[in-house]
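Notes for the one structure printed next.
Per-chain residue numbering starts at 1, and chain names A, B, C and D are given in the order in which the chains are listed.
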Amino acid sequence: MCRFLAYRGEPVFMDSVVCAPRHSLIQQSLHAEEAKVATNGDGFGLGWYGERAEPGLYRELRPAWSDENLLSLCRLVRSPVFFAHVRAATGTATMRANCHPFAYGKWMFMHNGQIGGYGQVRRRLEAMLPDTMYDARAGTTDSEIVFLLILMRIEQGEAPVEATANVLRAVKNFMQSAGVTEPLRFAAALTDGDTITAFRAACDERPPTLYVCERPDATIIASEPLDSDRSCWREIPKGAAVTVGPQGVHVEELFWSVAEAA
Amino acid sequence: MCRFLAYRGEPVFMDSVVCAPRHSLIQQSLHAEEAKVATNGDGFGLGWYGERAEPGLYRELRPAWSDENLLSLCRLVRSPVFFAHVRAATGTATMRANCHPFAYGKWMFMHNGQIGGYGQVRRRLEAMLPDTMYDARAGTTDSEIVFLLILMRIEQGEAPVEATANVLRAVKNFMQSAGVTEPLRFAAALTDGDTITAFRAACDERPPTLYVCERPDATIIASEPLDSDRSCWREIPKGAAVTVGPQGVHVEELFWSVAEAA
Amino acid sequence: MCRFLAYRGEPVFMDSVVCAPRHSLIQQSLHAEEAKVATNGDGFGLGWYGERAEPGLYRELRPAWSDENLLSLCRLVRSPVFFAHVRAATGTATMRANCHPFAYGKWMFMHNGQIGGYGQVRRRLEAMLPDTMYDARAGTTDSEIVFLLILMRIEQGEAPVEATANVLRAVKNFMQSAGVTEPLRFAAALTDGDTITAFRAACDERPPTLYVCERPDATIIASEPLDSDRSCWREIPKGAAVTVGPQGVHVEELFWSVAEAA
Amino acid sequence: MCRFLAYRGEPVFMDSVVCAPRHSLIQQSLHAEEAKVATNGDGFGLGWYGERAEPGLYRELRPAWSDENLLSLCRLVRSPVFFAHVRAATGTATMRANCHPFAYGKWMFMHNGQIGGYGQVRRRLEAMLPDTMYDARAGTTDSEIVFLLILMRIEQGEAPVEATANVLRAVKNFMQSAGVTEPLRFAAALTDGDTITAFRAACDERPPTLYVCERPDATIIASEPLDSDRSCWREIPKGAAVTVGPQGVHVEELFWSVAEAA
């Protein structure tokens, strides 16, 4: 399990969102309050959009809380759309290439959760990848495969919510075929640099936490509210997708129900 | 604050002490139970004696819990005397040279605690070092300076307990002169590869925790008992020094009382 | 391209072979003389056998020449069979999991060379892996796949030389089918902790260099002679496999000829 | 010895200067042509000015040539004034805090060269530092001390060239008193975010190389010309200081002659 945040709004110095709040993501790297584990010290990542279509990535295998480079970068760089993620590994190695967010072309993705029995379905998932994406994998996480499978469907013409729902459905089917009893739990965010789509789903009653905060200047999606002013933070329902784009914030409830799919 | 352990006894594969116990040091790196902070993720170190007089050191800036090299080393190497330490930084950078244990010649040292107002006394402490030790500093911690000051006195003929007590007395005096109100808290272990001396002291009522476990085959000193069989683990009293050597285990109570020194 | 060495003989402190010689592997990490590139600074690894059947691994992404831990480990640990490798990446990321040697059970492997057009054949190679080995991959290199494919054949009953020749033949065939014009170049060493087998092959006239030095107390295989006493060092012919085991050193010339296979 | 560059001009994506040129600094990290050593793989650093007075720093202990974060940062961030440095250590550890550039408030500094017999003069140099700067040291290099001593004099009212000359004179005097016979060699750049001052000096005939390139849009100072168009690149004479600021480029020859000082 991990913790993350996604920002879309007026270009701000990233430290105002990533580092400064009382319960900032850096604080959550040491003291997460609503996660299965309190410590998210298995690397971190920051991905941001600037003047180019492709995002910049800064990922490191050491914990976020002790990284001076991260503070410096967040203090100096303004961005209108950025992701930040602190990782608690669930079985794969602590290395940069396994840190979120992942980027591919203009797209960026990060994930919090797990694919139960991943070892039993990995091969079938990787077999679905087209050659270019098969070769694009840089790490060894389930999250990177899911990202690439979603992109594959987007490139085939599906919308982000539809593509993600379809990938999760396929994952769930593979898990059932393989007799996996561990759950699929999935909170994630995906963006093309303009619109952010976030997801909260699970095939049991324990989806990873996810909140959205709409302010006049910006919308923030985060695993845990960043500050004590809880009035702004609204829990994203299980099974919902939230789209944050030029047309504002839109919640689609029940974009995908594992129960129904089952 | 940090967590550590020191072993002296029959040569054993280090993993049997460092990694395997239910509440092993690696477990304590994520979930310390008796420390000010639960997470000790700012690097770690392992120091062990083999066939040479000088110890080997393996120190890394990433957390102990995710380091495959540490597991491999502990699984393959036997040692009769070794130290292991997981760090929670108190102000200085996360880098190898700030990780414990420190080694100098045949001596090795590790520390858990803090020198209150260190910035205000650092310069006077460093000024006490002889030239060779001044140049031997590789990192920037208070712990390394204290180690070198103790060694300086040992080289001048003092015994480890006496040398350590005298250094702490000097530190305390400098702190008082500088008007420091933060406490001095000190749990530490020192060895020449044969005899281990451990210390537990503080100038307030909150010395870092420290325990000793005497078994037929070995003696272990640790910040927290390594297993649930608490019967073996005896708390080291505040103000005590424990010597573990060829003549057995010897506790000197009240080797140094800050109250008396004041 | 990379540089490596393999040792089999009297148990020695590893620094006497890895660090001390005039043209030691650490020296080669900065100043290789017979390689395509002089700098091998993209991580390194040390794998050694001790009292257990499985080897220990110490792998790091920083250059070997500045790693204090490596020096300490080599100075303290004796071993009768060990591998050391310094890496010059040819396209895959600099991370521990991509550093050689690789270990699987009691087996260990390291490689210097390249599979031309690897991106075009990777998928077919990975498809050959049985499920257990598919999941055992920790990194993203061609070398790790080749190692697992060789082990797969050994588990099926083939001898190391036969298994390696068959894997290289398959790789070469896939490269031809895919229209790859870049060469296959391959120097490697494989061991089960008792017998070492080393290989030197290429489908063009430029196989990676590889030498063997037989001394009364030990046999060393290395990319470049470790010292100026060249009298001991014999070049391993292209297309040869060298077996170093309890029965001595045995060179099989022409274990595999790409020309013939073509 | 190290290699570096300093840029002042139109805000540009840093990759156009740091990464893209044929003989870019990243290329120089592997293949320096005019340095004592060809490999500068002991860490690197990037320091840049944005909208705030204080610069941002990105420093890492791994080699520049394999760092994906550096490429990403340089591709995304524009800056009008930035420093980049690749390090070849001369005795102190490979760690972030020893990587250049160093920053203190709005000031930034980097260095290429060495203080001969540094161990013999270090203590006297550190004794000159005021308390605040004594505590500001984060690493263990001679370069950081020299930087802080220069800043101390600037805070006392001296201009950068005068302050630097005076510090070098003091260093040289300490070296002579201590009987050091190794040379003092010094190429460096200093900036407050607006004006850059660069220096090239030595007490023998082998000062580190240093060049300046004036273009209509920008001025670049670099250890080695970045491209094959040598027409732009002018060697900075030994004993000269170059000031690059709002009033253009100004070379002061013989700002400091060690021969005279001797």
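What we mean here is this: a residue touches a chain if its C-beta (ideal position, glycine included) is under 8 Å from a C-beta of that chain, and two chains touch if they have at least 3 such contacts.
Since we're looking at a predicted model, the values are computed, not measured.
Looking at the partners of subunit A and subunit D together, the chains they share are B, C. For the pair subunit B and subunit C, the fraction of shared interface numbers is greater than half, so the two copies use mostly the same residues to meet. If each chain is reduced to the centroid of its CA atoms, subunit C and subunit D end up 40 Å from each other. The set of subunit B residues that touch two or more partner chains comprises 68, 93, 96. Shown here, the protein chains touch in all possible pairs. Against subunit A, the residues of subunit D that register as touching in their complex are 48, 50-52, 54-60, 68-69, 72-73, 75-78, 96.
Residues 30, 38-39, 41-42, 61-63, 65-66, 68, 89, 93-94 of subunit D are the ones that touch subunit C when the two sit in their complex.
Subunit C meets subunit A in the complex at residues 93, 95-97, 119, 122-123, 131, 134-135, 137-140.
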